[in-house]
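First the structure, in the form of C-alpha cells, and then the observations on it.
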Amino acid sequence: MAGSKYAYVRNFELPDPLLPRTFMVLRLDGHSFHRFSDEHDFTKPNDIRALKLMDHAAKDLMEQYPDVVLAFGESDEFSFLIRKSASLYNRRQSKIVSTLTSLFTSSYVFRWATYFPDRPLKYPPSFDGRLVLYPGAQEIRDYFSWRQTDTHINNLYNTTFWALVQQGGETTTQAHTTLKGTVSKEKNEILFSRFHINYNTLDAQFRKGSILVREEISEEPVPDTSTTADTSTENDTTTSPASSLPKMRGRTKPRTKVVVLHCDIIKDKFWDARPEILSS
Amino acid sequence: MAGSKYAYVRNFELPDPLLPRTFMVLRLDGHSFHRFSDEHDFTKPNDIRALKLMDHAAKDLMEQYPDVVLAFGESDEFSFLIRKSASLYNRRQSKIVSTLTSLFTSSYVFRWATYFPDRPLKYPPSFDGRLVLYPGAQEIRDYFSWRQTDTHINNLYNTTFWALVQQGGETTTQAHTTLKGTVSKEKNEILFSRFHINYNTLDAQFRKGSILVREEISEEPVPDTSTTADTSTENDTTTSPASSLPKMRGRTKPRTKVVVLHCDIIKDKFWDARPEILSS
Amino acid sequence: MAGSKYAYVRNFELPDPLLPRTFMVLRLDGHSFHRFSDEHDFTKPNDIRALKLMDHAAKDLMEQYPDVVLAFGESDEFSFLIRKSASLYNRRQSKIVSTLTSLFTSSYVFRWATYFPDRPLKYPPSFDGRLVLYPGAQEIRDYFSWRQTDTHINNLYNTTFWALVQQGGETTTQAHTTLKGTVSKEKNEILFSRFHINYNTLDAQFRKGSILVREEISEEPVPDTSTTADTSTENDTTTSPASSLPKMRGRTKPRTKVVVLHCDIIKDKFWDARPEILSS
Amino acid sequence: MAGSKYAYVRNFELPDPLLPRTFMVLRLDGHSFHRFSDEHDFTKPNDIRALKLMDHAAKDLMEQYPDVVLAFGESDEFSFLIRKSASLYNRRQSKIVSTLTSLFTSSYVFRWATYFPDRPLKYPPSFDGRLVLYPGAQEIRDYFSWRQTDTHINNLYNTTFWALVQQGGETTTQAHTTLKGTVSKEKNEILFSRFHINYNTLDAQFRKGSILVREEISEEPVPDTSTTADTSTENDTTTSPASSLPKMRGRTKPRTKVVVLHCDIIKDKFWDARPEILSS
C-alpha cells in the first residue's frame, strides 16, 4: 500500500492502560476562568447561571457514560467518579481523559446560550482534565469530603469578602486585610453582625456544591417530583431528559435518570442510601 | 485546616512528565463522527464547510499555543506538532492532551454557526486526543507523510465511491463491490471515463488536506494577500485575526500569523522552505 | 562546577512512583533456567537442593526488607508480597524491582556452594523481575492461589512424566504422548498403578511450593522448634538467623523470624491465622 | 483448567514498553557500598581489585547483550549504553532493568574470589538499576561526559583527602576542613607540594574510569596485543574470552571482543574513532 512505508510511525504510540479494579476520578478545571468569568460578567461571589451550566454539562456527560456513577461540582471544577469495574475504552488513560473532557467542554459551549441568553460567548473556554486512581472505597469517600470541604471554605471566604466589598464599601485590598487570619466562626460573625446574613440559609448549591447521581424512575409517567427525605429542600428538579443527545450503545438504562442534589456527602447518610456507588 | 485530614488524597495523583527534547504529536479524532455527519447532513464525499470549521478550530489552537508549529487536518482528524524544546505545562501529558483537546472542541462548537448558519448543532460533538512522542526529525517527516498519504487514499476511494452512487446510480453495496481490489490507477480511470472527472483538478483541500503553519507578517498594514510561490493556487486566504480570543501570556509574537495551505508535505520542498519547524 | 554543563542530562530521568495504598507483588523468574538446570545437573523432576537454595535467597530478601510480608516459591520462580502501606524507596518502581531482584540473585550465587558443595557454579545465573499492583485483598488471595495451583499442575505433570521416562523406560517423546490430554485423576492413576507412587505422600515442598512468612519468636532463647498445628509436617526448620547479613535500618524487629512452610494457601485457614498479611 | 478461575490476576500486569528509536542508558549503583567497602577492607581511595571486579562484571554483561555498545564505570557504579535500534526484550522496561541488573550482580558475586582470593565475601551485595531514555546523540555524549567529569572530581578529592589522612597525619575531620572550598588547582598543589604526587601520573583507571567497547579481532589467532594509539598506555589487556558463559542466541559475533580502556571520552577523538556507537 502507498502509505505502508510510513506506517511504522504508529509503533511510537505506547499503551496506557489503567490498573484494573480501581476507582477512577476525573477532575476537570476551567482553564483561565478568572479571566473568563470577568470577561463574561459573572456575578460575585457565585453566578447561579454559570453553576447551572456546569451542572448541565456534567449531566450530559453522565448520560453518555453510564460508568460515571457520581459527580461533584463547585465553581469552575467538576469531579467524576468512574466505577471500579468499568472497562470504558479498555481503561486507556488518554482516551478517557481526552474524550470526557472534550464532551464536557462541548456541552458547556453548546448550552451556553440557554443559561446566558443575553450574553454571547466571547471566545471558546477550555478545561483541563486529570485522572487519578484510588484503590479503595474509603479513599473515594475522603476524596469527595476533600472537595466538599473545599467548597465550604472557599464559599464562606468569598461570601464574606464580597459582602465587605459590595455592601461594606471596602476595597478588595481592605477586604483581604479584614479577613486575614480569621477562622470560620469570625467570618460567620462578620456576615451576621454587619450584613445580617445567616450563612446557613444561603442557597445550598453555594454551600454544598452540586452532587449528581442516578436515581430510579418510577414506571408511571408521572411528573418528576422525586425527592429523597434528606435532600428535599436541596434538589434540583430540572432533570434534563437530554433528548438532544444521540442514543448510544451502553447508555444508561431508561429507568434511571441523573439528578442534581446539593446535600452533605461527608457524613454516612448519603453513602448509606446509595451503596451501589462504591460497590464493584 | 478543616480539610486537611482529607488532603492526603492528593498524593494519589502521580506525575506524568514527557521525555524532554522529543517532538510531540497530538492527534485529535472526532468521536462517533460517522453519526454526527449523518445527523448534520454533511455533503459526501467532502463537506467543505465542515472542513473549514475544523481548520478554524485548529487555527484557534495554534494561536493560543505558540509551541504548536505545524498542524495537519483531514476529515474529522487533526494532528498538531509541538516543538522539541517546548516546556508547555512542564510537559505534563494529561494536562497537554486534555487542555488542547478541550480548546479544539470548544472552538469547533463556538464557530459552528459561522460555517453552518442554517443548520443548528443538534448535540455537542466530542473529540478524543492522544499524544505520541518522536525522538527525531525523520520520524516527524514520516508521520506527516503517513497522514497525507492516508488523505489521498481515502479521498480517491470516497470520491469514486460517491460518484458511482450519486451519478452512476449504484447502491452503496454495488459501489463497494465495484471498487473492491482496484488500485489507484483504476479508480482514476473510473472517475475519468465514466464521470469525466479529472481527479487532479479537484479541490486541493480534498486531495492534500489542510496544513497550518506560521508565516511572518510584513510590517506594513497591507491587505493580506501573502502567498508563497509553491502554494499559490492552494492557499486559504481566510487567515483569521482571531481577535475574539483573549490575549495570552506566551502567545505568538505579533509578526507571525497562522496560514492554511493545501500543498504537498511529503517531498522536501515544504520542509526546506521552513527549517524552523524541525529545528530545536 | 566542572560538570555542571552536562548535568542537564539528569532531567531525562523520569519519576516512576507506584500508586499509594496498593499491594505490590514482585515476581522473579530464572532467566534461561532450562539450560542452567541442565548445565548443573539438577535432579528431575525436582532438585531439592536447588529449591532450598531458592528458599534461602528468598529468606535473605525478607530479612532485609520488612515490608515483604509473604513469599511463595516454586521451581525457578518466587513471588514476594509487599504490604499496601509500604513506603519502601518512596515506592519508586525501578528502584524496588532492580534492588530486590539484585539481592535475590546475589544471595543465590553467594549461597550456591552451601547447597551444591561438590558442583561449582559454571557461570553466573540471572533472574528477571516484574512488579504488579493489586488494589484489594481478594486479588492477593487469588494471585497466590493462582501460583500454588500452577505448582500443583506442573508438579503432577512433571512427576508423572519423569516416572514414565526414568522408571517406565519411555522416551521423552513417548512420555509426552502418553500424557497428552490426560486429566489429574488419570495422572494420579498412572503414578499409582504403574509406579506405586501415591502422589499425596510426595514431599510437600514439591506439591505445595514454599511459603515464607514471619513468625513471632518466644522470648526465651530456646532451640527453634516452633511449629504450627496445620503445618507440623511441612515446616522447614532451617530458619536461618541470617547473621551474615549486615544490620540495616528498618530491618525486621528482633522478635520475629522468617519461616518456610509448605502448606495450602488457597483455603482460608492459612490467611485466617495470619490476618496481618493482608491488613494495611 | 484448575487454575483458570484465578488467571484473571495476570491482567493486572501492565505493559511498559520504552519509546522506540531512543538511546537507553542503564545505570547501576552499589547498594550501601560505603558499608560494603568497609566490611571488606577496600583500599582507600581506590581499590584496584574492586574496580577490576566491576569491570569484569560489566564485560560479562556486554558479552551476553550485544545491544550494549558502550559501558562506563567508576567506583561502585556502571552505566551501559543500549543502542537506539535495540529491540531487546521488546523494549520492556522492567524486563531490561531487572535482568541486566541481575546479571551484573550475579557476575560480581561469581567472580569475587578471583579478585579477592584471600577475603571471602561476608554477605551478598546488591545493586540498584535505573534506565533513562535519550532521544539524541548529543545527549549521550553529554551523559558520558557528565559521568567522566564526576569521576575526575571525586577522584581528585578522594586522592587528596586520603593523602592528608594516610600520609599527612590529619584526622578525617581535619582533612575535610583542609579541602573545604578548594578548587582543582589547589588540590593538585597540595598533592604535589606536600606529598610529591603528580596527579596526572596516577593510574588512568582512577582518573578516567573504565570504558568498555567492542573491538574487531583480527582473523589470525595471534596473542591479544591490540591497542589503539590514543589509549596505548591505558588499555586493559585482560580481555576475558568469557568462555565460562553459555553461548546465547544473538550473542556478539565472534569477530569482536569487549575491551577495557581508560581514556578520555569527553573530547571528540574517542567518538570519531567509533562512529558505530552513536549510529542507529
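Going in written order, the chains are labelled A, B, C and D, and every chain counts its residues from 1.
What we mean here is this: contacts are C-beta pairs under 8 Å (C-beta built on N, C-alpha and C of every residue); 3 or more make two chains touch, one makes a residue touch a chain.
Since the structure is predicted, the reported quantities are computational estimates derived from the model, not experimental observations.
Trainee: Please state whether A-B or A-C has more C-beta contact pairs across its interface.
Mentor: The comparison resolves to A-B.
Trainee: Among all chains, whose Cα centre is located farthest from the one for chain B?
Mentor: Centroid comparison gives C as the farthest chain from chain B.
Trainee: From the mean C-alpha coordinate of chain A to that of chain D, what's the distance rounded to whole Å?
Mentor: Result: the chain centres lie 54 Å from each other.
Trainee: Quick one: chain A and chain B, Cα centre-to-centre, how many Å?
Mentor: Here the centre of chain B sits 31 Å away from the centre of chain A.
Trainee: Taking the mean of the CA coordinates per chain, how far is chain A from chain C in Å?
Mentor: 48
Trainee: Can you list the chain A residues in contact with two or more other chains?
Mentor: Within chain A, the residues that touch at least two other chains are 12, 14, 19, 21, 133, 139.
Trainee: What residues of chain B sit close enough to touch chain C in their complex?
Mentor: Residue positions touching the partner: 11-12, 14-15, 17, 19-21.
Trainee: Note which residues of chain C are touching chain D in the complex, please.
Mentor: Touch list, chain C to chain D: 1-3, 6-10, 12-14, 28, 31-32, 35-36, 39, 60, 93-95, 97-99, 101-103, 105-111, 121-134, 139, 142-143, 145-146, 149-150, 152-153, 184, 244-246, 248.
Trainee: Quick check on the complex: what are the chain D residues that touch chain B?
Mentor: Residues 19, 21-22, 84, 133, 135-136, 139.
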